[in-house]
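Shared chain: subunit A. Partners: subunit B in the first complex, subunit C in the second.
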Partner chain A sequence: MERNNWMIAIPSFPILFFIFFLLFGSILFVIFSNLSSIKDKFIPIFSSEYFILSYLTTLKIGLVVVIVSAALSYPLAFYSHFYNRKLSRVMDIIVFIPLMVNPLIRSLGWMIILGKEGLINWLLMKLGIINSPLRILYTDIAVEIGLLELFFPFMYTAIASSMENIPYETVMSASSLGAGSLRVFKDVVFPLSITGFMTGASIVMVGCAAAFVTPSILGGMKVKTLSIILREYVDVTLDWDAATIIAIAILLTAFGFIVGISLLKRLLLRW
Partner chain B sequence: MNKRAISRVTAVVIIIVIIIIATTVTVFLTQRAPTTTTPTTITTPATTTTPAEKRKLYISHWGFGWDLIDKLVIKPFEGEYNVEIILISGTTSERYTKLVKGVEPIPDVIFLPDYYAYRAIQQGLLIRLDLSKLQNYQYIYDFIREQLPSYIKDYGVPHTIQDLGIAYRTDRHAQVTSWKDLWREDFRNEILWPAMTATSGPMALVMTALAFTGDMHNVDIAFKKLKELTPYIKAYYTRSGDPQLYMERGEVDIVPILRYNWGPLKNLSLPIGIVYPAEGSMYVLNVISVVNGSKNVDLAYKFIDYWISKEVQQKLSDALVDAPINKMVKVPSGHPFDISGVVQRPIYLDPKFLAENLEGWVNKWREITG
Partner chain C sequence: MPENKFFNILISLLFGLTISIILLPIILPLTISFSSSYTITFPPRGFTLEWFINIFLFKSLVDGFKFSLMLGIFASLIAIAMSLPATYAFYRYNFKLKGYLENLLLSPSLTPEIVLSFMLLVYFKALKIDHSFWLLLGHVLILIPYATRYTYASLINLDISIEDAAVALGASRLKAFLDVIAPNIAKGLVASFLLSFIVSFNAFSISLFLSYGETLPLPIAMWNYLQVRYDPTIAALSTILVIFTLTLSLIVRKIVELRGVR
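Here is the complex of A and B:
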């Protein structure tokens, strides 16, 4: 029964068609139809200090969020999956709660917590740990916290679901052979769930590169990410060519990250 | 086999459906009309079947506060002139871009900030107006009519004013009178400044030039002063609602604001004072223009004249929609739209000056804040 059941995939065609040919295709169409006016602007924009700085900011924020969200997801997923299945089922639902809130509201909520007269500063001042309020809001840290809340569920789900594929017996046999839980994690669970981490990292990184609402509110326009300068070009200087170039940069970064991470995955799996 | 035949038929049907969907989406995307809402009628078929030929006037407006505008201005106008007004709404840059690209339906009348109007005029998109046809034009504040350069004046009729003031916490700081007070030591780290990409951004820059050099065109000095201030600026704002948000949360103590922030800031029940800088009140205008190619120019004139009339301006002012430019309008002292302070020392920010320099300013601003 070696039949090629391609027809099964037919129902997904409309959505694929919509995403790739219409949305992505229209971007490519815009790029190529305006190529003559765009191409002269490539080098000045890519070499401008402003662009490089915001590019690095975007990358840095993305990487921090990837690393921190993975660092938070792994212990939680590891523990709940192998030692407490009930918790695991509850967590699957709980982690998605933040996503049910509108990003604008979520960011405004962080203003209340991180602000000058916010919860954290109030608490620290009451406890006498600090004398004057800390400046958290309108810094990279605030943006990273906001994005972490937004993208943690994706990282967690990706890691947790890849752990589902690790048979409990594997972990048990490792422990019975004398491996401590740290060793089990390092030598058994992590290598076997690396695919999940990579998937999560791609989603989080790409999401961070494209996020706009969170960095614009929590960064107070002082933290310049690529999406923020893109909007400046569209809305203010009405320079659609420059905006297209920034869009290409975001797209290439996301694409490059996915390619890079899948190469890394292969490398890590071999090793 | 039977099962096979069924699956083949299904596949063919699905493919046909996909093709139909794809074609519809493609046609929709290529011939897409901008978001239009008909304030008068809920369903469009009803209008097409009405026997009496009603003329249609397409208005391009940002749509903010349209519920009120519809009730106060549009409905009465429609009744008086037996026309149907169709709103094309969107952000300014969206509507401007549509105008440049000639996206259907092309509006008859467009509301734009003077800076965008200037750009549209340069491209020949707006028609030259015969201001003598507007009976209410003479009631526009004298200073506006005098300061408006002819390259705007003849193409766009002012309908509201946005002037730059300073809002600050009176309980935490001594009185503010001058624009230079923003550089005072007690305001350090308590400043919310408009991003160069917000309407008030370039105004604040030019105001800085004026305050420190006496010449609003001397922006080099202004950039130097701004650079000095940069470490003490807590955040930059772009959204019109930001000043009240930051003030309410106690994040900042001082912020240069536009007229439309006055009402919301006064409503905060915080000790906030709003002052006109001693150096003068920098202002920009929003104008109404007639789009080149409109077939309803006569109606458009009537519409503009109606909008700037004392009655309509009074209603829009009372409802806190737009600050009036008609000097006959009575605004109680202390009302958010009381512009008596502007009249003292008005300084118009010439859109031509802005259009010629904005890109450079934005780049420079990025350099000093990046």
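Here is the complex of A and C:
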């Protein structure tokens, strides 16, 4: 039944009002009510070494997580979708489990693995590869590993669902014409699923820029991502103007990624 | 099947690596929680149940659990009660702007949670909203995208013509919805409630910024505990929570095969 009557939208008014009042209301209010006090602080903060370093750290961590999670997801999604449907169902469950477990608990798990008296150091010392424990926890690498585990499911799901749109026959015909699986992947599957990768990349990038609990625990407040310095300004230095500016920076970066990647996707589809 | 041996080995290695990355951090706290060592070290030594008893000696953890439970239940109920009418209208009718409205409902999940948390904190302070509502409002807001998506998924298999049939037979629109539609989507709604509850129960940034006073949601209480002590108590609590949330999600999978829910 098709109706173009505005009354149909009435049931959604309460929830829309709620979103407008809290989400858009809070963002617009915070930006505009403080505009006079923060407008002179944008340039000093954006040009400070502290901010630039933190911004670059956040970008670097996000980029590493995007690359590694895609490198893991692509072969697994490709193989399980086209050659082994049973594995595909197993993967669906495996990527579902971590989403149900508190990120704080998973970070604790990584502390047990990466810590000075953790699994990796114990293993390496037992094997005699190292004599004194390696420092992995409280470094960028620890944060990247934790975030990789946090966001791998999203990258995998995005790539796997873009492969669902590739007809099986396409892959089979490429194979029967003599292309090896690597060639099939490179020339057929990869170009057809690039939009899935891009969706995944924007989710992971935005997620890494906004993640708090994982960098706070695995970075021990030493790895200063944007969200960590936002919390510092709110809680330690009590400089809420600076915090507002950092929040705006995170927001703009996140929207920049979302808009940029969706434009790129549109461009690719036309081409 | 790909003929290439090298390729098969590569896939097995990647699969093993992925499984360990995903599952090890969830399983390891479990092994540590029985360790009799006083700090968290690997490998675990000895066997004790002391840490499980120790959880109950910390009022902040016990209260946090109760508080998160209540918060999760109320926030999920409110989020679903608000999203059901909207998603039902979207499912049933096509109208101009529908696409835009649907995207609007997902917008809280597109805003980075830490930014949203901070903005809400400043906003609530300025509007002088009572502290006791901060967490509830914040949680309902971040649950809306999930509640709408899950509720929508529970409607997917519904044949809307049964509502028209009931109306043709003389029932009012409201009665038709309550008597004919509601029983058909009840299972889906329960699943949607449980999944929203898990999201609220695990939420961190929003709880950190908006909690006020003595009683803190469990993740924040655990985070504070970890800043001070690093002993297996927290691993024991993690074990309980992993079992708790995974059981809930198993129930969801048992009740209903929600498609597209991740």
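In the analysis below, the second predicted complex is superposed on the first by the 239 of 271 C-alpha atoms of A that agree within 3 Å, B and C clash if a C-alpha of one lies under 4 Å from a C-alpha of the other, contacts with A are read in each partner's own complex, and residues count from 1 in each chain.
Note that in this section a contact is a pair of C-beta atoms (placed from the backbone, for glycine too) under 8 Å apart; a residue touches a chain by one contact, two chains touch by 3 or more.
Every value quoted in this text rests on a predicted model; they were computed, and no experiment measured them.
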So, A:Leu63: does it touch subunit B (first), subunit C (second), both, or neither? neither
Per the contact definition in the header, classify A:Lys222: touching subunit B only (first), subunit C only (second), both, or neither. first
Which of the two partners, first being subunit B and second being subunit C, lies in contact with A:Leu104: first, second, both, or neither? second
Examine A:Ile112 and indicate which partner it touches, taking first as subunit B and second as subunit C; both and neither are also allowed. both
Which partner does A:Leu268 reach: the first (subunit B), the second (subunit C), both, or neither? neither
Once the structures are superposed on A, label A:Leu192 by its partner contacts, choosing first (subunit B), second (subunit C), both or neither. neither
Quick one: is A:Ser33 in contact with subunit B, with subunit C, with both, or with neither? Answer first, second, both or neither. second
Just subunit B (first), just subunit C (second), both, or neither: which does A:Ile258 touch? second
Touching A:Glu232, do we find subunit B (first), subunit C (second), both, or neither? first
With both structures placed on chain A, which of the two partners, subunit B or subunit C, ends up touching more residues of subunit A? C
Can you list the residues of subunit A that meet both subunit B and subunit C? 10-11, 14, 18, 22, 26, 108, 111-112, 115, 117-118, 216, 234, 240
Touching subunit C in the complex, subunit A uses residues 1-6, 8-12, 14-16, 18-19, 22-23, 25-27, 29-30, 33, 72, 75-76, 79, 83, 87, 94-113, 115, 117-119, 122, 145, 148-149, 152-153, 157, 180-182, 206, 209-213, 216-217, 227, 230-231, 234, 240, 243-244, 247, 250-251, 254, 258
Mind listing the subunit B positions that touch subunit A in their complex? 7, 10-11, 14-15, 17-18, 21-22, 25-26, 29, 91, 93, 96-97, 119, 189, 195-197, 233-238, 245, 249-251, 358-359, 362-363, 366-367, 369-370
Which part of subunit A faces subunit B closely enough to touch in the complex? 7, 10-11, 13-14, 17-18, 21-22, 26, 49-50, 53-54, 108, 111-112, 115-118, 135, 137-138, 216, 220-222, 224, 229, 232, 234-240
Using the touch definition up top, name the residues of subunit C that touch subunit A in the complex. 1-4, 7, 10-11, 14-15, 17-19, 21-29, 32, 39-43, 82-83, 85-86, 88-90, 92-97, 101, 104-105, 107-108, 110-116, 118-123, 126, 137, 140-141, 144, 148, 198, 201-202, 204-205, 208-209, 219, 222-223, 226, 234-235, 238, 241-242, 245-246, 248-249, 262
